[in-house]
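Two complexes come next, and they have one chain in common, chain A, joined by chain B in the first and chain C in the second.
After this line comes the complex of A and B, so read on.
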């Protein structure tokens, strides 16, 4: 379970079409640059965000993302919460395994995104949708 | 009472039109650079005719009524073309606002009973506000079409296949690789490989901001397709942070020759083609025939 943190700024964006991914990535980059996150960490975060946004589009016809700037124990970071109302994931453990895909892709999106961030949490229920929360600290 | 107002509008149609034109042609509002006053007049006449002839007692109370369809359609096409001609939303909106002002003024002069006047002006307000909303909706649709057309244009201009050397093609990819663009790029590249009988293709991804698994998958597909034609594919322009991200993400690109810069990719290509490029020095200058 992800520990609570102080919320510094929050906004949300909806990802409903393929064209929404680029502006979303751009916004995440702006927020990350805003807290002086290094280029490598920025790239990790943006790539993870891109994977999760695309998953949402591909499997759940889109959803909503909460972009938050947070602070915990003197560290600032970006927290992204992806929420969709899609079919959900049957076996979350299997979906997090490298090379597993039901959609004919490389199968690195979800496990890769997990490796690219400091904290990762996924909750899914078949028929109810999926929510994924990730945190990348500025100096993590 | 509602019938009265419709009759009133019909009788006063000519006067309303003249006043409306006057209102639109005030120096502050007129945009002769975008539309001629003849065209503006034609638009105004068409709209006011449609309005007066389609307005029925029932429809005056119900703005969703089917009687409005011809008006909505006409107004839609007017706002749509305004958007494309480059009018601002404010200017497009003022077209209807101007008519509303005139209609209210005419009613004010004709109807003497205050209660009736208030009632009628409310109806006119509701009607014209509805038309104003339609104006904005179609205006935005018009602008969106402009944006979509530009997007297509960007997609088209950003995929040049360059012959950098005899037998070597370079393809600088700029922007995000999605399925549709990969298809276009692949087609352009494969056609050029066959036409120029090139052996080597360099895909440069310096201009790709984010390499996620989807972009990687599309790159892998393009490389496989190039191989089927017997050509070698080199991927260049991998920035340090992208390299680290690809490793963390768990994408295996080890089957592909990758280079950090286009220059090193070109050097690699020269090696493969057994070409040598060296600087002329006094020692070897004698081997070169003077021109």
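After this line comes the complex of A and C, so read on.
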């Protein structure tokens, strides 16, 4: 369970079509640069964000992302919450395994995104949707 | 419609990716490259991604696909100028860039292509890396 944090800024973006992915990544990068996150961590974060946004498009016809700047224990970070109302994931543990894909793809998105961030939480209910929350700390 | 220009340099083709590729553009580029390579008989493709600050699984797949398609028409693909942060991220993401070579810059990429072509022409010569 992700611990609570102080919210410094929040905004949201809809990811409804492929063209939304690039401006979304760009905005996340701006927010990360705004808290002086280093370049490698920024790249980790936007790559994870891109994977999760693409999953929402591919499997759930899109969704919404909350982009938040947070503070916890003196650390600032970016928290992204992806929410969709797609079909959900039946076996989340399986979906997080490298190489697992129901889309005939490489299956790197979820496990890769998890490796690229400091905190990762996924909740999914078949028939209702999926939500994924990630945090990357500026100096994490 | 927006398209990424393909430059012909002798027996090689060079594309410089300056903008964030969205999916349609990336797919068009792959198709254009392979068409141009087969039309011109190009033996190598250089893709300069020094201006690209993110390669996700989609983009990685496009690059691998270009490499695989180019192989079918006997051309090799080299991705040049990958930013260090992007390279580190790709490793952590766990994305294999199959079917393509990488080089630090365009000059080194051209040298690599020349050695590959020479290697193929020599046939009996084992790889000398």
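Keep in mind that, in the parts below, the second predicted complex is superposed on the first by the 140 of 140 C-alpha atoms of A that agree within 3 Å, B and C clash if a C-alpha of one lies under 4 Å from a C-alpha of the other, contacts with A are read in each partner's own complex, and residues count from 1 in each chain.
Everything that follows uses one rule, which is that contacts are C-beta pairs under 8 Å (C-beta built on N, C-alpha and C of every residue); 3 or more make two chains touch, one makes a residue touch a chain.
Predicted model only: the values in this text are computed from it and were never measured.
Visitor: In the superposed arrangement, which partner chain does A:128 touch: chain B (first), chain C (second), both, or neither?
Guide: So A:128 meets neither chain B nor chain C here.
Visitor: According to the stated criteria, A:39 is in contact with first (chain B), second (chain C), both, or neither; which is it?
Guide: A:39: touches chain B and chain C.
Visitor: Please work out whether A:54 is in contact with chain B alone, chain C alone, both, or neither, and reply first, second, both or neither.
Guide: both
Visitor: Taking the superposition as given, does A:106 touch the first partner, chain B, the second, chain C, both, or neither?
Guide: both
Visitor: Report for A:25: first if it touches chain B alone, second if chain C alone, otherwise both or neither.
Guide: both
Visitor: Go through the superposed model and pick first if A:12 touches only chain B, second if only chain C, both, or neither.
Guide: The answer is neither, since A:12 touches no partner chain.
Visitor: Do chain B and chain C land on any of the same chain A residues, and which?
Guide: Shared contact residues on chain A: 18-19, 21-22, 25, 39-40, 42-44, 46-47, 50-51, 54, 98, 105-106, 108-109, 111-113, 115-116.
Visitor: Which residues, counting only chain C, touch chain A once they are in their complex?
Guide: Going through chain C, the ones touching chain A are 20, 22-24, 53-58, 61, 83-86, 88-89, 92-95.
Visitor: For the complex, which residues does chain A have touching chain C?
Guide: For this pair, the touching residues of chain A are 18-19, 21-22, 25-26, 29, 39-40, 42-44, 46-47, 50-51, 54, 98, 105-106, 108-109, 111-113, 115-116.
Visitor: In the complex of these two chains, what residues of chain A are touching chain B?
Guide: Touching chain B from chain A are residues 18-19, 21-22, 25, 39-40, 42-44, 46-47, 50-51, 54, 98, 105-106, 108-109, 111-113, 115-116.
Visitor: Enumerate the contact residues on chain B facing chain A in the complex.
Guide: Residues of chain B touching chain A: 151, 176, 178, 209-214, 216-217, 240-242, 244-245, 248-251.
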